[in-house]
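Labels for the chains are A, B, C and D, by order of writing; each one numbers its residues from 1.
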Amino acid sequence: MTTFGESHGPALGAVIDGCPARVRLELPQVQASLDRRRPGASALASPRREPDSAELLSGVFEGQTLGTPIAFVVWNRDARPSDYDSLAAADRPGHADAVWRARFGHRDHRGGGRTSGRETVGRVLGGAVADAFLTQALPELRVVAWVAQVGAVICPPVLQTVTRAQVDAAVARCPDAPTAAIMGSLIAQAREAHDSLGGAIDVRIAGLPVGLGEPVFGKLKATLAAGFASIGAVTGVTWGLPDVARAVAAPGSKFHTSPRAYGGIQGGLSNGEPIEARVYFKPPASIGELARSGRHDPCIAPRAVPVVEAMASLCLADLLLASRAWPPPS
Amino acid sequence: MTTFGESHGPALGAVIDGCPARVRLELPQVQASLDRRRPGASALASPRREPDSAELLSGVFEGQTLGTPIAFVVWNRDARPSDYDSLAAADRPGHADAVWRARFGHRDHRGGGRTSGRETVGRVLGGAVADAFLTQALPELRVVAWVAQVGAVICPPVLQTVTRAQVDAAVARCPDAPTAAIMGSLIAQAREAHDSLGGAIDVRIAGLPVGLGEPVFGKLKATLAAGFASIGAVTGVTWGLPDVARAVAAPGSKFHTSPRAYGGIQGGLSNGEPIEARVYFKPPASIGELARSGRHDPCIAPRAVPVVEAMASLCLADLLLASRAWPPPS
Amino acid sequence: MTTFGESHGPALGAVIDGCPARVRLELPQVQASLDRRRPGASALASPRREPDSAELLSGVFEGQTLGTPIAFVVWNRDARPSDYDSLAAADRPGHADAVWRARFGHRDHRGGGRTSGRETVGRVLGGAVADAFLTQALPELRVVAWVAQVGAVICPPVLQTVTRAQVDAAVARCPDAPTAAIMGSLIAQAREAHDSLGGAIDVRIAGLPVGLGEPVFGKLKATLAAGFASIGAVTGVTWGLPDVARAVAAPGSKFHTSPRAYGGIQGGLSNGEPIEARVYFKPPASIGELARSGRHDPCIAPRAVPVVEAMASLCLADLLLASRAWPPPS
Amino acid sequence: MTTFGESHGPALGAVIDGCPARVRLELPQVQASLDRRRPGASALASPRREPDSAELLSGVFEGQTLGTPIAFVVWNRDARPSDYDSLAAADRPGHADAVWRARFGHRDHRGGGRTSGRETVGRVLGGAVADAFLTQALPELRVVAWVAQVGAVICPPVLQTVTRAQVDAAVARCPDAPTAAIMGSLIAQAREAHDSLGGAIDVRIAGLPVGLGEPVFGKLKATLAAGFASIGAVTGVTWGLPDVARAVAAPGSKFHTSPRAYGGIQGGLSNGEPIEARVYFKPPASIGELARSGRHDPCIAPRAVPVVEAMASLCLADLLLASRAWPPPS
């Protein structure tokens, strides 16, 4: 996948190459994925109205992929560069503005350019294609993420049967109702205080065949780590038992008898059990005065749930395609 | 870098392509790096005697790199497949044996094949070349790792000035002497009890120029995450403030004023401050009966310190070379 | 570069990633490149009217590249799938229809899909960006291609000073006027006879620094060969002295004293002299009845000139960026 | 595949990653491939005695591949750097010495370093592994190359049934006996005159499934072109009808009815017919005084036959593995 687009340029989009032919793919599926990352998808998120609408440019004909590159464009209809004019002069504290200028010799002051969370539109477009392929290739596969931590509030273990629909229906995308209620009020307080909150997302991948990944540098955990850590604001990725500092404090005799210890990965390869990872997010940098202007989320985790799922699906689709090359010749 | 070799096959090695010409590189430097990962380098580690000796096959002439691929071989002189004969029949619990068989249609019972920690010989060879290049290209750069956690014992913050030599001289490669003493006795107890211990390694990268990395998928943290998570037994990678679950529990107003919050990375790019990451390791799976046969470490962290440094250097060398393509044409 | 789009789908386009920031790039430059590949650019070419209009989606701000991916879209305004309805049932002889069906399990009968020459729109978009970068980075560089053969008519050696403007102004894009006149009437005759003609394009690259390319697998000639041979209908690529069968018939004592023998490449690297290559094209497969329906060129060479130049520029831009990583650290 | 080694350094070798497990591979097969590229394999070739002996370092156990990287080393036992001492001071005319110095800031005067034909040892090692995989995966596949031109002497069409054994047994590796006799005496004359000869190799690939390759940039012909053009001294690659300048001179009505017109490739993909390509070689640059010192071949084509086959097999193995990812999910 290649993505493109700045937060306040003409458009964003993605080109997905290498998807096999004859995968059923209709625009409404893709649009539904985009809608899940919209701010409006949750009462707790940024009030920016982005009626993001995916347009299909190539690669699909009569509801099926052609095997050629699949390109989408999403026009930045709601871009309001003028909102950011006051920011043109000064670098915003906590943002990457100064670093970006050192790297590129300029800074796109129109809301962060490619460093803005808007770039995740491209990830979600790609994730929708990956999901379409995976659904057809591995009907048993389930990739589900949810909010596991907001500030200091941590979600208790979640049922193996939790679905994306249940997560989306929950406050703060946390499927444990009592925890979700606390998270919801924490976020509301932070918004009012022009402060922000960190958090974590848990992702569970069930139904994967045994042996995906490569044994040394391309370990499944390395591939997923790169995918998750490529999301802005992510500050840690861990596998298996949650709260990694505590998990590795247990002696081997206890660790290796814990049911979720391996997080579904051994020797770098999927072992057939559900893969479980936790992805940590920093509190957003837009606080105080910065949080008054522009349109910002006090906690990124609820909106990032479909982005984490998209990155998981993209990685898995690649690994599944690669896995087809393994079987020894007869 | 491409590495090769099974733990009990004829040899291991690495080929490093893309290193510029005229980097000063002598075999003793490489051998010194290899010696640092040897079990014998610490009284606390596995008693396997591996007189690993690097042989240079190509790419260096008269003490300087030629710009051609640099190849090393390390012969497996101490391989004792017979030690493992009793293991030929049964998959070892906690090991990747069953997964490997599902993937490759066979299992190399000679001590783990490519899933063995022996494969890190190749990483250390590559890291030595990367270090030689980085030392010459960025004389200010310092890449130093140390043991930050063994079991439940956590090392307090370490001086910015700590050196590899100080770390190597410390018990359990933990530069805080009182903590190191406790770690040392924990490891000795675990060995006696045929149990094992998890842990964590901190790595600090100081002296890097601003702007390394790519803004979206190739973020510096994603590159390093893939590098670290590709090491066997790694179960988590976090940036910036340690104990990530606690770090993200702080509100933004507190988080963004903490000195080490960003871990040296903003917008996916190096920001000129020291990069700080923590890499978590599972307790080894060889416990109980398995720990009696073969030659195993009760805690992997002290030996993994040079491996974490090698992966950091390899990633940084790639990123530094890539960064040379940035400057706008005048 | 990633390109996308089928000949009769909604749109074609290209995403160019890795272009440095602050390259001057205005849409009219890109449009001018597109206009050069239009059928209307020559009285001898296919009468299909494609008012191809490039739209810029990302990566450029205030006339300069941002360092982020540059995306273009070209809408297929003139697509007339109904022209091809009669072809829906039968595979066209000489075309890739049957092969495509074997590969993808379907055939996009709307004029060839990605096998159509329409896909070269993407190459020309990318070539325009590469040219913008190269112009700024290597002001001395000249990449010029022209028609060197149509049917059995071969152009005599062309002046080193020939320019793109002179080539574009010439009949059949052959800068030797008497030869061009014969080529022009040959093409007109072939059109009338519903027959087709093969040909060749010469490309000359002057002003390149010494040493571009990699010494073994990534030789400059291998990179250019892959670029040129990726163009549809290309059936051969040769370097240095034209008419390769005759050139290699000379003994070494004569060959190595010929002025153009090496084609500007030695040991796989540019040697500072002009690079000269000849790219051969098959006669188009649309002959007889097929040439009556649809809109086809009897000889592809004149229209392919800007495509060959685009592929050269894309390869050179990549190689020039890669070359910045060479210099030994001081 | 990654290869390494300079012509007069300690060793050459290759690492082949991505070969599936359980491919039958014994060292004697590999050694037999190496022996075919030896100078001693033909009375017409360079008198340098290289008892090249392949040693297997990893990736094979009990006669089968493990699925891990397969590494070989070949020691440079016959390196005689002193032969080249007189060349240390001066760049050799026609060689890449000056270009190499410009690129790498030095020149390895020990016989050409990586620009020497010695580097093809690595290609042949890799080709042997690719052949082992292809033989098992596609028992019908035949990859056979032979000398089609030496100087101005061109071989007439060769039977579809020609085998590698027949080619190896023929003078100058030309399977047409009368032509071979003339080629043989031409080469002997050139050796005596300290002159050199160009030539061409034909390669035929029969038994390939339909649809290999990618439709746009990764066309099968582009992949093979890059593979063949990466061989030193190659100055042209053409597909289908030989003598490309003459072939494209035919009108489409004649061209498209010729039996070998497409060279087995349509729309960039294999079409199920034999793939036929011609690879042209320059006369070697070691002529006159240079041809007296050192050990040189007056015509490279006969020795290059197994190298061309190796590059074909390496490309095909990659394409066949990639093709396994195509099938649409059911």
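Throughout what follows, contacts are C-beta pairs under 8 Å (C-beta built on N, C-alpha and C of every residue); 3 or more make two chains touch, one makes a residue touch a chain.
Given the structure is predicted, the values throughout are model-derived calculations rather than measurements.
Trainee: Quick check on the contact network: minimum steps from chain A to chain D?
Mentor: So the least number of steps between the two chains is 1.
Trainee: Which pair wins on C-beta contacts, A-C or B-C?
Mentor: A-C
Trainee: Look at both sides of the chain A and chain B contact and report whether the same residue positions are involved, with over half shared, or different ones.
Mentor: same
Trainee: List the centre-to-centre spacing of chain A and chain B in whole Å, with centres computed as mean CA coordinates.
Mentor: Taking the average C-alpha coordinate of chain A and of chain B, the gap between them is 28 Å.
Trainee: So what's the Cα centroid distance for chain A and chain C, whole Å?
Mentor: Between these chains, centre-to-centre, one finds 39 Å.
Trainee: With chain centres defined as C-alpha means, what is the inter-centre distance between chain B and chain C in Å?
Mentor: Here chain B and chain C have centroids separated by 47 Å.
Trainee: On chain A, where are the residues touching two or more other chains?
Mentor: 3, 21-22, 67-68, 103-105, 114, 215, 326, 328
Trainee: Chain A touches which residues of chain B in the complex?
Mentor: Touch list, chain B to chain A: 3, 93-96, 98-100, 102-105, 114-115, 119, 149, 151-152, 154, 190, 195-200, 210-211, 215-219, 221-230, 232, 234-240, 242-245, 247-253, 255-256, 261, 263, 266-272, 280-285, 287-288, 298, 326, 328.
Trainee: Using the touch definition from the top, list the residues of chain C that touch chain B in their complex.
Mentor: Result: residues 18, 20-23, 67-68, 133, 136-137, 215, 321-322, 324-330 of chain C touch chain B.
Trainee: Would you pull the chain B residues touching chain D in the complex into a rising list?
Mentor: Residues 2-6, 9-13, 15, 17, 21-22, 55-59, 61, 64, 66-71, 73, 103-106, 108, 110, 113-114 of chain B touch chain D in their complex.
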